[in-house]
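As written, the chains take the letters A, B and C, and residue 1 is the first residue of each chain.
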Amino acid sequence: MDHDPFRWGRPSDATYGAYNTAIANASAHGSSANSSEYPKMNTQQPIVTGTSVIAMKFRDGIIIAADNLGSYGSLARFTEVERLFPVGENAVVGVSGDISDLQEVGRLLEQLETETSYDYDGHSLRAPHIHEYLQKVFYARRSKMDPLWNSVVVGGLEDGKPFLKYVDLLGVTYSSPTIATGFGAHLAIPLLRKVVFKEEDVESIDEATARKAIEECMKVLYYRDARSLDKYSLITITKEKGVVFEKNLKSENQSWRFAKDIKGYGTQVV
Amino acid sequence: MTSVGTGYDLSNSVFSPDGRNFQVEYASKAVENGGTSIGIKCQDGVVLAVEKIVTSKLLVPNKNNRIQTVGKHIGVVYSGMLPDGRNLVSKCRGEYQTYMSQYKEPITVPYLIDRIGGFLQAYTCYNSVRPFGVTTIIGGIDESGPHLYMLEPSGTYWGYHGAATGKGRQSAKNELEKLDMATLSAKDAVKEAARIIYLAHEDNKDKDFEIEITWCSKSETNGTHQFVPEDLLQEAKEYAEAKLNEESDDDETMSD
Amino acid sequence: MYGRLTSNQRNAEELSSYQKKIIQIDDHMGIALAGLAPDARVLSNFLREKAMNQRMIFNRPLSVEKAADLLASKAQKNTQGFGSRPYGVGLLVVGYDETGAHLFEFQPSGQSLEYFGCAIGARSQAGRTYLERNFDEYKTSTSEELIVHGLKALRETLQQDKELNSKNTSVAVATKDGFKIYDDEEVQQWLDKLDTLGNARDDQDDNDDNNNDDGDDDDDSAPKKEEEEVKDEDKMETD
């Protein structure tokens, strides 16, 4: 690497030859005037991001939560971002990852909903259909090498039973009684699995227990995920009450006493 | 129509010597015998209603809907050639979608009408197409409040407080004129709409019919276009029947 | 508990072989045609594509109503513009979806309507008359009885000297288990339940006694095309 302050970060000319400025123009594809020797380039990384979405099944339905932060790198840039989308009559889509792509997903879902409402055939748009659709969208985009940079959790009810399934920017999907995206996959999943480990356990968990577990996870995520916020939205879907959307929830009873014991960062002397 | 058979009525793009486009006039003829459609703009919304003539008892009741939705906030009903009407609605939906993808907000009703009006007009200009055989009533709510328009095959459109088209339009219009739209609540408008459709059906009495009513109201449907709930529809029908009987009783006593 | 639907129709006969007139669209849906068979094939390919799309994108069967609407919208465009002719075929679209059994009639004008029972094609008025006359029975009929009703309606539409036989009659049934076509000897079981196979009846009202006169299966060669469908919507039964 070149350590000259004006050329810092670039490969050193001595080792790699002169820096090719065409790289900077690579994404301006399609115009023949720009005779870039690089092929078309699309999104290489997310810009403004939302962190984890966490969700779990319980006896009568599902519960899902996501905080309201849009981070610009490590900067907590936007604090009012809604990352949960209720769709149709009893489904919700929780989105993490790039916020501009999240907005595009939101528009796709709205269009889908509008088009569904045009038909009077009694065929409602339910969670499995929404999940299947999103999977096709994500996979089609990744196959164009232009992914929507998100991982998504779709929750709802199907045939009166809880439905929870994941899909991400590659079009990968899986289903599980507990699902979390991003940092939550590391921090929240072990905690949620203490409550529900296998599909069979879902039957024995009621809404209050599930909610407590989710709230606890949101708090732990706020403690340990530096791209998170203690303000979040939460949706529960049950047969009885349908979709219940709660906004501006706050992680309560925080205790930061553990922080003083954490070593290895900042200015502290180890 | 004195010029019928002179050849000027065969093509869209040719005027007759007295300055008429017969194709458009014939399209309007297609409308005149269709089931009656009406629209009412009331205090905080619009109500659309249509008389569905039942042509066979093998038809499944309460299916084969006639009123359609564009976006979430606009309703469309029409009299005349039903397939043309469906085509027009899919045009409206296309306009809605295009507007949505460009501006990321729902299309306003006046703008939609203007686009569709222009579109209909284009179908009167070319000999490669025929005009739409429907008169369409479009109602909806946008940020500037409720709107009601009626579009004719020629592409002409006007805004209305109460609009009627189809076979029973004349008697429907007479009744609409008597309503005080400015103070009419959405629920009352639904009932009046039912009454007017029942009344208009008198012109077509030998045939069975169903009634279909939708509404779009700030207070009742949060600005979205929906079918009225079953109990309200039932209430409206009963109201309409009662009123109709009342009136025919009056007629009898008057003539005595 | 289950709902079921039956439909049946007959093939035109063309010299030695008969034109098949029922086309399967998807596991749960099929169409019957009256008119130009090539046009019907174009439309059935179109519908198959739409049905496959619905399975691909949403992993669910295409709703029958949506199928009929798609056909109608496609056909309407051919009636308004220059440079194309309207489709020369009427269709009956039948299927069993999330909301039960459905039967739609599609016309080249771009009209599509949902019926309990319908007949299209040559002399279909006679079939419709039969269906209307016996309308009240469908709701309580079993699937088997419904097929017999369909065949009787079909019989009404025959030319004087023609008869139903297993070569010129096809039956298709849509139930929650899917759409199935019965051809040739498979339909004999229901033909056996008819008192007569021709329509030269002096209106002796339909005894359901199984007078089997499947005697003469004469193979006359005048082309015929009729389709009939009877439908019994969402009949709930406890077995």
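Just so we're on the same page, a contact is a pair of C-beta atoms (placed from the backbone, for glycine too) under 8 Å apart; a residue touches a chain by one contact, two chains touch by 3 or more.
The chain list, named the UniProt way, goes like this: A = Proteasome subunit beta; B = Proteasome component C1; C = Proteasome-domain-containing protein.
Source: prediction; values computed, not measured.
Asker: Need the most distant chain from chain C, centre defined as the mean of C-alpha atoms.
Answerer: A
Asker: Could you say which chain's mean Cα position falls nearest to the mean Cα position of the entire protein shown?
Answerer: That would be B.
Asker: Tell me which of B-C and A-C has more C-beta pairs in contact.
Answerer: More contacting C-beta pairs are found at B-C.
Asker: Please work out the Cα centroid separation of chain A (Proteasome subunit beta) and chain B (Proteasome component C1), and write it as a whole number of Å.
Answerer: 45
Asker: Report the inter-chain centroid distance for chain B (Proteasome component C1) and chain C in whole angstrom, where each centroid is the mean of the CA atoms.
Answerer: Whole-Å distance between the two chain centres: 34.
Asker: Could you state the distance in Å from the CA-based centre of chain A (Proteasome subunit beta) to that of chain C?
Answerer: About 50 Å, centre to centre.
Asker: Multi-chain contacts in chain A (Proteasome subunit beta): which residues touch at least two other chains?
Answerer: 120
Asker: Can you list every residue of chain B (Proteasome component C1) that touches 2 or more other chains, as numbers and ranges?
Answerer: In chain B (Proteasome component C1), residues 63 touch at least two other chains, as defined above.
Asker: Please output the residue numbers of chain C that touch at least 2 other chains, ranges allowed.
Answerer: Answer for chain C, listing residues that touch two or more other chains: 69.
Asker: Sort out for me which residues of chain B (Proteasome component C1) touch chain C in the complex.
Answerer: Within the complex, chain B (Proteasome component C1) contacts chain C at residues 56-60, 63-64, 81-84, 86-87, 90, 123, 127-130, 132.
Asker: What part of chain A (Proteasome subunit beta) is in contact with chain C in the complex they form?
Answerer: 119-123, 128-129, 132-133, 136
Asker: Under the definition above, what is the set of chain C residues touching chain B (Proteasome component C1) in their complex?
Answerer: 69, 72-73, 75-77, 79-83, 109-111, 113-118, 128, 131-132, 135, 233
Asker: Quick one: in the complex, what on chain B (Proteasome component C1) touches chain A (Proteasome subunit beta)?
Answerer: Contact set of chain B (Proteasome component C1) toward chain A (Proteasome subunit beta): 63, 65, 68-69, 71-72, 93, 96-97, 100-101, 104.
Asker: Write out the stretch or stretches of chain C touching chain A (Proteasome subunit beta) in their complex.
Answerer: The contact residues of chain C facing chain A (Proteasome subunit beta) are 56-60, 63-66, 69, 97-99.
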